[in-house]
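Order as written gives the chain letters A, B, C and D; numbering starts at 1 within each chain.
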Amino acid sequence: MDLDNLASLEYFYPEIILAGAILLVIVLDLVIKNKRVIGALSILGCLASLGATLQLYSGPSGFLFHRMMVLDHFSLFFKIVALAATILVLWMSFSSREVASLHQGEYATILLSSALGMFFMASATNLLMAYLSLEMVSITSYILTGFLPRNRRSSEAALKYLIYGGVASGAMIYGMSWIFGMTGSLDYSQIHAALFQGQPNQLALFIAFVLILAGFGYKIVFVPFHMWSPDVYQGAPTPFTAFLSVASNAAGVAILLRFFFPGVSQLGPDGSWRFLSGVEWPQFLLIVSMVTMTLGNLSALGQQNLKRMLAYSGIAHAGYILMGLVVLNTEGLQAMLFYIVVYLIMNLGAFLVVVLVANATGKEEIDGYRGLAWRGSAVPAIAMAIFLFSLTGLPPLAGFVGKFFLFAAVIKQQFYLLALVAVANSVISLYYYARVVKVMFLDFPEASDGRVELNPGAATLLGLLSVMTLVFGIYWGPLVAFTSQSLQFFTK
Amino acid sequence: MEITLTHFLVLGAIIFCLGMYTVLSRRNAISVLMGVELILNSANINYVAFAHYSSGGVDGQIYAIFVIMLAAAEAAVGLAIVLAIFQIFHTIDVGATETLKN
Amino acid sequence: MTEHVLTYMTFFPLAGMIAVLLLPSSKPNLIRWTSVVFTIPPLLLGIWLYRAFDPNNPGLQFTEQVPWIPTYNIQYFIGVDGISISMVLLTALLSFICIFASWGIEKGVKGYFALFLLLDTGMMGVFVALDFFLFYIFWELMLLPMYFLIGIWGGPRREYAAIKFFLYTLFGSVLMLLAILALYFTSDPHTFDMTVLIKQGASYSTTPLGIWPFDSLHLRWGFQHIVWLALFVGFAIKIPAFPFHTWLPDAHVEAPTAISVILAGILLKMGTYGILRINYPMLPQATADLAYVFLGALGTWNIIYGALCAMAQKDFKKLVAYSSVSHMGYVMLGMASFTPQGINGALLQMFNHGTITGMLFLMVGVIYDRAHHRDIEGFGGLAAVMPVYTGISALAIFASMGLPGLSGFISEVLVLLGTWQKYPVLTVFAATGVILTAGYLLWTVQRVYLGMTNEKYKLMPEINTRELFTMIPLGIIVIIVGVYPTVVLDLLRASLTQLNQVIIPHLG
Amino acid sequence: MEHPIQTDYLRWIVLLPLIGAALNGLLGAQLQKRVGKWLISIIACAPVVIAFGISAAAFLKLKALEPEERFLIDHVYPWLHVGSLSVDVSFWVDPLSAVMILVVTGIGGLIHIYSTGYMHDDRSYWRFFAFLNLFTFSMLLLVLADSMLLMFIGWEGVGLCSYALIGFWYHDHVNTRAGNKAFIVNRVGDFGFILGIFLIFWTLDAQGHATLAFREITKNAALLQGQMLWGVPVATLATLFLFLGATGKSAQIPLYVWLPDAMQGPTPVSALIHAATMVTAGVYMIARLNAVFSLAPETLHVVAAIGAATALGAATIALTQNDIKRVLAYSTISQLGYMFLAAGVAAYAAGVFHLMTHAFFKACLFLGSGSVIHAMGGEQDMRKMGGLKKYMPWTFWTFTISVLAIAGVPGLAGFFSKDEILWQAFSSEHGSPWLWLVGVVCAGLTAFYMFRQLFMTFFGECRADHHTKEHLHESPKVMTLPLAVLAVGAIAAGYIGLPAVFGPNFFGHWLEPVLGGGHEEHASAALELGLMLVSIGVAALGILLAYLMYYKKTLSPDVFASLAGGVFYRLFDRKYYVDELYQKVFVGGALKLAAIGVWIDTNIIDGMVNGTARLTVFVSWLNGLFDNYVIDGMVNAVADLTYWSGGKFRKVQTGSINGYLYVILGAVVVAIIIKLRYAG
């Protein structure tokens, strides 16, 4: 299926619905006084879009808009992830005192726009489209990062993010320009054909790939493209930080996989992928993966600020996710997709607790969590413990299953060193996750520590996320089926 | 002397490096943003040159146009942020903003 | 009913946990009794299981096999055989008893009992699981409740103890996970089913990898050996074998009494149980090659080292903790012998140590609750004040010392007897442990129970009915097994004989 | 012996005392409070008396049988069946164990009765009898056990009871320490014993006859021959291990140190456990396994040498002791040395004979001393006694008879048994004149120190203080009656084992099916008589010396004490400094090792664990440092360069944005360099 512009629209309505929702929110923002309605409306828009996406999932695959985009299970999977993240973050935002001070209409609009950008990232099959979608996500992210008015940290973070993002995407398009020069095309399948048939200069190709990787890598936050993330995570409004940590990361993975797998490698009959000869990606990624998880975990150890700690933990998790890429086979990719879903659930949950605690105490530092289990409702503390232990990778929680698949993929390919490093990292990570748990449960609150109250909306969301973390830890069969189904690239 | 593709590529590379250098060495936020613009434009030169010297198609030119457009968008956002920064910190020295630290 | 008996035994406590969570925390007694109610069925089912178990069948009984995640060939597969039955019974019994031993918990009663019941499910699950994946899940499931139970309800240094326990164990279990995955991918078709993996056991490569610096030990280091070692480290931490044992004294000292009982009575057994269940049949060649050094010699070292360390302790609970290190050494040593006596003795020692050390910890708990310290030197002459307590303590202590007529003797003598045939020198060293054990335990008896009564404790109340109720069943078992060991040995024999037959052909 | 007679009453010999122990142990405290001490006494004494009756019945039944068929067995239940190991709980009576059960229940019964008087005022009356019964049970189990492992239960059981009874008055740490010492030293012996069991079991197992039953071991003992372990014949190694066990239980060198301290227990305990029964278990065990020991001449030499050395060493120590019970304790050790001397020259029957006669007179001596101590209000120092003859005639006369018996005065039990040993030591194929000489010297020493004791206690002026003197009285009937019975035994018991020169040796014949015949073949009666006269003479000399020194006081003991500058006196008085040595080397050594172990745990292992954690944190800190200083430093350097080149030189603040970018640039450059270097 290779559709022209008009015919494409028929398969484009998730995006159209989302775009419509964005416009509607802009308009209604002018007339509606009760700002909560805007949030609800945005969620409704997302849900509608989600419905449409799911409907497409059972439909055909193919290229849209003259091969600018592709519609396949892989892209739909990431769209679902992006929508799920958006919905959950909007829901979370209701409970956030920080977000309540913001201009709701603009906040929702920009968040939805970012989600739309992620849609495009997931389905881009053209270097131009890839760049545009990436920038769409980036620019909205810069704005939301600096969205807290007259807030030092927020503005500073935004500036850092902007400069960093600008340089990264600049480097990326510079690299892309070399690819374009070598292949004469922006279209992935033509690039693929040109690269595999011709004799490209390997050094030029390598440099181009490294530059492109800089652009993708800073979205996924792996080393050495990770340094912005702690600052930005700490500075941005917490719900948006949550969004950034899961959705942006996922979209980065999507665009990376699309470019590097169907784009520049070939799928063998046994489910393993073969890169362009002469380009030592596995070794390179192996090192990147190990360094990323180790550096992330080590840096997280000393952190006092929960958001900052979660940022470093996010870097470490990016390292784990990369493990799936290193092995260059279907199991690895599937494990990555699985992990993304699981990570989305548990990380959003953790951020939700951060939001709740910040509401009650105004603190994001670890001492704000002192004796959390003994201050009012114990539910946030218990839920936080579940999320953190899941992030550590302890059974029977979802995080364990995610790691299990990654380890399995790695061991199957006999990358024992990588497995050992990852295992050592899991143990190190326990140290800082458990420190939070310790503070919440083993320490006792002081009189000055405020009580943490739960509103019904937040409680429901917290319950939902914890239950999902537990359920996917025990019965993950359907989720595995979904991810393996989603690992289907449309290339013809 | 005939102007070949190589000349353009070298020019692009030089501008890329200059942009990089600017970003790295300048402390003034505006200057840094201008460095980013340089990097983007170095890519543009490549695109246009490649498009010119390869057979057919205007993909490169289109790409360059989009880059220019996005550079403007980014600059708009960037300047807005710089303004906000200036309001808070009364400086636009990127080194002076050091709230976020380990 | 009968075909799901193990499932019921495993998940009744989990149901109890949910029930406890639904109760209002303002009614602690209701919570306590609810916990009791949910630990009774496993105990009764355990008794039924004991009667229904066919001791002559070496294979698995009461199995349940249901696909769980079919795409990865993961199953819900449980069952018991001679290797696990005694542990299952012990778990059911100690869980029940420990609920009563936890009666004195006043802080966060609801949380405590909920976690305790969760722990119960995890422990039972480990012993019945026959699918590797399931096994691992249960294995790790115990970690979290244990962390909290020590960390929240423990003594002054509880945080340190809890995190130390957690990190140590996690370190071991991730290595185990890698080994499990390695075995999974070596199997064809890929499976986590332990019975299938065992059938393939002999075929795992033992070709030396040649990169290990230990070749001077004349060991053959192949894939099988590496996997064996990875599993071993995971299990050795639980046992705990030297040098992975230092979490134990800390954890024991800080944990509340009931949790110490569970730790020593059940958790430690998982290490040796895992080796018997997994390392032995699945990696027979590696077992044959490595058992001498890693089980035999290390076990002997454990016996002596643990006893020596116990001798130097001033804290009563720490002393008991180190005595566990010492006594678990017998288990390792017996396992390494591959003689019927040794291996039966090892498994019996696991059972006996569970009951005896359970009593010891309960015993320490009784005086700790009254005096609020455990300094051995700080007591004295308790025999005059608390004669009944002293009597039952003496029973526990002498059982621990391996006094004939009590259960500890049977297993220790079987272990040493079995080991003699293979490793007489080790046996000589291990048997010196008998002397050291008598030394530190008698010294303790002297300092705590005998002599002039400490003025402070002239009026210390005698052991109460509840406390007696926790100790007497164990005491009866200790005596019965000592006098008539067949009641337990009969259960084990067939399966262990079969297990031995797997290894013996591989012994050089 | 091929077809033992099955019975089902032997078990009651063992079980009755256990029932008594259980009743008194579990309910005694209540019974004593609610009902009274008389019930406790009945519960305690009745089982032992009944057991004596059953033992006598068994003995008579045995006697009625042909010598080769004297063998009763009672299978109770299968106990341990694992692999080739199969051990049942079953009891047997053969001529050897028949003697032992009669001694244990008979003398034990008397001591039980005696104790009802001796312990009457003790608060923990019930506890005493519970342990005393438990001891009887264990001892009977030890004796009647038909297999080594079952015997080991009794073996350790008696040790436990001994421990509990030594430390019976636990308020005083002197007592509890003595108890600990007894138990731990015995454990060292048990260590050897159990290893001996293992070695025998596996050696027979390798020959296809895995067994631990004594009868089977005896039958298959020949299979042990020619087997080697560690370059030593198995029979020798096994018997050495077993002998280590025997030295522990029977207080021989090097493990005798606990017995003198064990006198801290109540005196009946000393009589029953530390004189008559438990301490003889080692001799019994060697006699029981004589078939194995006979295969190992090296071991026999060791046994004989140790026995002789112990006899001599203990006797010398006894010379200087002033505590009435300690003298008896060292005397016991010395007499046990005799028994081992006998066993060591393969004269097992002589050893067992002495065991039996010793049980009578030594129990009598201890009970007599108990009676004295009872009368003296707990005083044990002989220097504060004297002249008790007139206050307590029963005690005096029975004591005197026993002293005469132990001193080897002809006509009394001790004379016959001791002489038999001396004769065997001289004439046996394993014996030597040297062993005989040591034995004779000991006999003289024994006579001396026993008479010294007699004189110091019962003769002369009473040296007690006024208060004690007023309360001096003869002990009640329940105490004196057993004394009388034992004294009769001390006289009569010898006549069942007359030396060959005087008449038929019933005892030797009785034991022949078990222990093998004597070897009277090449010995001349004249030589035997001659040697006998020598030993009588030496004993008389000892008595004379004691008479002169402690009765007439015409010879000062200082003459001897100052011999060789007092070195010997000090050595004897301080018991050769063995206690000090053991304390320093073994106890101190163990504690030192324990401290080392703890040090390793806290410093090395935990140090490593914590070190790893700290290292991780340190690396993480370095990582932060890298961010803050190296990268910032780099930024500053470039910035400095820039400004310098622009003509301005200014110290700039750190700038993390730039720093981050440097890292990336650096990484990319490194990647490219690596690519160029290695992959081009």
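Quick note on the criterion: contacts are C-beta pairs under 8 Å (C-beta built on N, C-alpha and C of every residue); 3 or more make two chains touch, one makes a residue touch a chain.
Bear in mind that the values here come from a model prediction, so they are computed numbers and not experimental data.
Asks: Among all other chains, pick the one whose mean CA position is farthest from the mean CA position of chain A.
Replies: Comparing chain centres, D lies farthest from chain A.
Asks: I'd like the most central chain, judged by C-alpha centroids against the all-protein C-alpha centroid.
Replies: Centroid comparison flags C as closest.
Asks: Higher C-beta contact count, A-C or A-B?
Replies: Looking at A-C and A-B side by side, A-B shows more C-beta contacts.
Asks: Would you kindly tell me how far, in whole Å, the mean C-alpha position of chain C lies from that of chain A?
Replies: 43
Asks: Can you check how far apart chain A and chain B are, centre to centre, with Cα atoms defining each centre and the answer in Å?
Replies: Measuring from centre to centre gives 26 Å for this pair.
Asks: Roughly how far is chain B from chain C, going centre to centre by Cα mean, in whole Å?
Replies: Their C-alpha centroids are separated by 66 Å.
Asks: Between chain C and chain D, what's the gap in Å when you average each chain's C-alpha atoms?
Replies: Roughly 34 Å separates the two chain centres.
Asks: Indicate the residues of chain A shared as contacts by at least two other chains.
Replies: Those would be 159-160, 163, 167, 231, 299, 302, 431.
Asks: Using the touch definition from the top, which residues of chain D touch two or more other chains?
Replies: 613, 624, 656-657, 661, in rising order.
Asks: Two or more other chains touching the same residue: where does that happen in chain C?
Replies: 167
Asks: How about chain A: which of its residues touch chain D in the complex?
Replies: Touch list, chain A to chain D: 159-160, 163-164, 167-168, 202-203, 206-207, 210-211, 214, 223-225, 227-228, 231, 278, 280, 284, 295, 298-302, 428, 431.
Asks: Could you list, by residue number, the parts of chain B that touch chain A in their complex?
Replies: 9, 12, 16, 19-20, 23, 29, 32-33, 35-36, 39-40, 42-43, 46-47, 49-50, 54-55, 57, 59-60, 62-63, 66-67, 70, 73-74, 77-78, 81-82, 84-85, 87-89, 94, 97, 99-100, 102
Asks: Where on chain C is chain A touching in the complex?
Replies: Per the stated touch rule, the residues are 68-72, 111, 136-137, 140-141, 143-144, 147-148, 151-152, 158-159, 162-163, 166-167, 170-171, 174-175, 177-178, 181-182, 184-185.
Asks: Going by the contact rule set out above, which residues of chain A touch chain B in the complex?
Replies: My answer: residues 127-128, 131-132, 135, 138-139, 142-143, 146, 150-153, 155-160, 162-163, 166-167, 170-171, 173-174, 176-178, 180-181, 184-186, 230-231, 234-235, 299, 302-303, 308.
Asks: List the residues on chain C that touch chain D in their complex, please.
Replies: 164, 167-168, 243, 245-246, 249, 305, 308-313, 339-341, 344-345, 381, 383-384, 387, 391, 398, 403-405, 409-410, 413-414, 416-418, 420-421, 424, 427-428, 431-432, 434-436, 438-439, 442-443, 446, 449-453, 484-486, 489, 493
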